[in-house]
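Okay, so subunit A shows up in both of these, paired with subunit B first and subunit C after.
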Partner chain A sequence: MIERFEDVIIQTLCRFLVPFMQIYALYVIAHGHSSPGGGFQGGCILAASFVLLVIAFDLKEAKRRMTEKLNTIFTSLGVFIYAGTGWVCLILGGNFLDYSKLSKILPVDSVHARYHGMLYIEIGVGIGVMACMISIFLNLVTRGRHEEALEDKDLWNT
Partner chain B sequence: MIWQLDLMLLTFVTICAIAAITVKDLLSAVVLLGAFSFFMCLLWNEMGSVDVAFTEAAVGAGVSTAFFVAAVYNMTRRTKD
Partner chain C sequence: MKFLSLIIALVTGALLIYGAQDFPNWADPNSPPSIWVSNRYIEKAFEETAVPNLVTAVLADYRGYDTLFETVVIFAAGVSVVMLLRRPRKE
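Moving on, here comes the complex of A and B:
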């Protein structure tokens, strides 16, 4: 499945398609609090663009763009942004994820602080979901043996 | 809500679900499951729940189909039972 093959049509199409998918995913994340969509859906579309990259090219190319270390950092960063926003609200005197208390550190009133707080949550969820979905897909496709899969060609040519 | 459209989509959903669990070829089952997800997405959209339909389209028909294809390629193509 991940065997490298040179197909001009598929590779050119994916080269054109991936940026538009990622722009659309960022749109879905950024407009999640005022229209359908949100962090989870946008993160899934971001992960789907990466899955398309793995299928059209090979695993080595995909690993060059998103290394295992970067993926782990992104997973932790998403959870950190989500929980960090909640804890900042807690420190400022409200409940966990009580966005209206963010008006004490943001230059807006409490209604707009609630509106912006939702956006921070969505960004955190989007990053976390994207990294987790990529991690699940890479583990499935290499049977959990990343380094051997990069060296041993026979592992995924079967 | 148009009940004729509802009934038609529900019929498609039922056909796809029954076909996905009876077919012997696992890759065909994955494709049928993707079709099931897509018809479920249309049904939810028709019932007015756009957010759920969007989630189903992104996760059910998009990412999980790729996951299942990746899993099927690492095992035998046909079921034993």
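Moving on, here comes the complex of A and C:
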């Protein structure tokens, strides 16, 4: 079994680093239009900040910040936002994912409506990718046995 | 059995290399990807979508349907990992 490892330098550094990583991830998502980046990359950076928390602290600290229920909701919410944007365009009289029809409900012209539609789907992709990466990571490192990992049991012999 | 696997791998590789002969040359200006939709994207993307980053314009707008199902693939991967690995403790 892996010994619990607590180091005040690593923990303090990670506590400093995580907010900056998350700000950077939000920047990558929001500026996917005008610079390299987008939902996939930003979502992965968000998930990486969470993985850093699990490595520097422990699973209990990480699950206090992102419960499993919330994570499952986020997983579905990402795809829902993306597909929902497409459905809104369909309801407003265009084709599926034809963002220019969003100008009917947004105070912009049809060209800038496509700009805004892309921002919404990038946000959806970012949320979905973040939640998927977190759930894949947590289930792989604990072999799917979160409760036993929270109690420091030997995961490899249960 | 191992010998048979080697034969299958070699034959498949040879077929792939034979098929790759039909590809256009690297950066050939007359190849179909260069003369078909690429030019229209490069010329019209900014005035049609107001997005300076051409990659995002193609990924999220012109090829939005493709990106939707890329997201669904990642969603399916996350859900299948939970379904296969997660063992909630029985009370």
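What to note about this one:
Throughout what follows, the second predicted complex is superposed on the first by the 150 of 158 C-alpha atoms of A that agree within 3 Å, B and C clash if a C-alpha of one lies under 4 Å from a C-alpha of the other, contacts with A are read in each partner's own complex, and residues count from 1 in each chain.
Following the convention adopted for this analysis, a contact is a pair of C-beta atoms (placed from the backbone, for glycine too) under 8 Å apart; a residue touches a chain by one contact, two chains touch by 3 or more.
On a predicted model such as this, the values are computed, not experimentally measured, just so you know.
In the superposition on chain A, A:Val51 contacts subunit B only, with no contact to subunit C.
When the two complexes are overlaid on their common chain A, residue A:Met66 makes contact with neither subunit B nor subunit C. Of the two partner chains placed around the shared chain by superposition, subunit C is the only one that A:Tyr115 touches, whereas subunit B remains out of contact. Of the two partner chains, subunit B and subunit C are each touched by A:Ile136.
When the shared chain is aligned, subunit B and subunit C each come close enough to touch A:Pro36.
Counting residues of subunit A touched by each partner, subunit B versus subunit C, the larger count belongs to C. Once the two complexes are laid over each other on the shared chain, residue contacts for A:Val88 go to neither subunit B nor subunit C.
In the superposition on chain A, subunit A positions 36, 38, 40, 133, 136, 140, 143 are in contact with subunit B in one complex as well as with subunit C in the other.
Those residues of subunit B lying in contact with subunit A across their complex are 50-51, 54-55, 58-59, 62-63, 66-67, 69-71, 73-74. The residues of subunit A lying in touch with subunit C in their complex are 32-36, 38, 40, 72, 75-76, 78-79, 82-83, 86, 96-97, 99, 111-112, 114-115, 117-118, 121-122, 124-125, 128-129, 131-133, 135-136, 139-140, 143-148.
Residues 1, 36-38, 40-41, 44-45, 47-48, 51, 55, 133, 136-137, 140-141, 143, 156 of subunit A touch subunit B in their complex. Touching subunit A in their complex are the following residues of subunit C: 47-53, 55-57, 59-61, 64-65, 67-68, 70-72, 74-75, 77-79, 81-82, 84-89.
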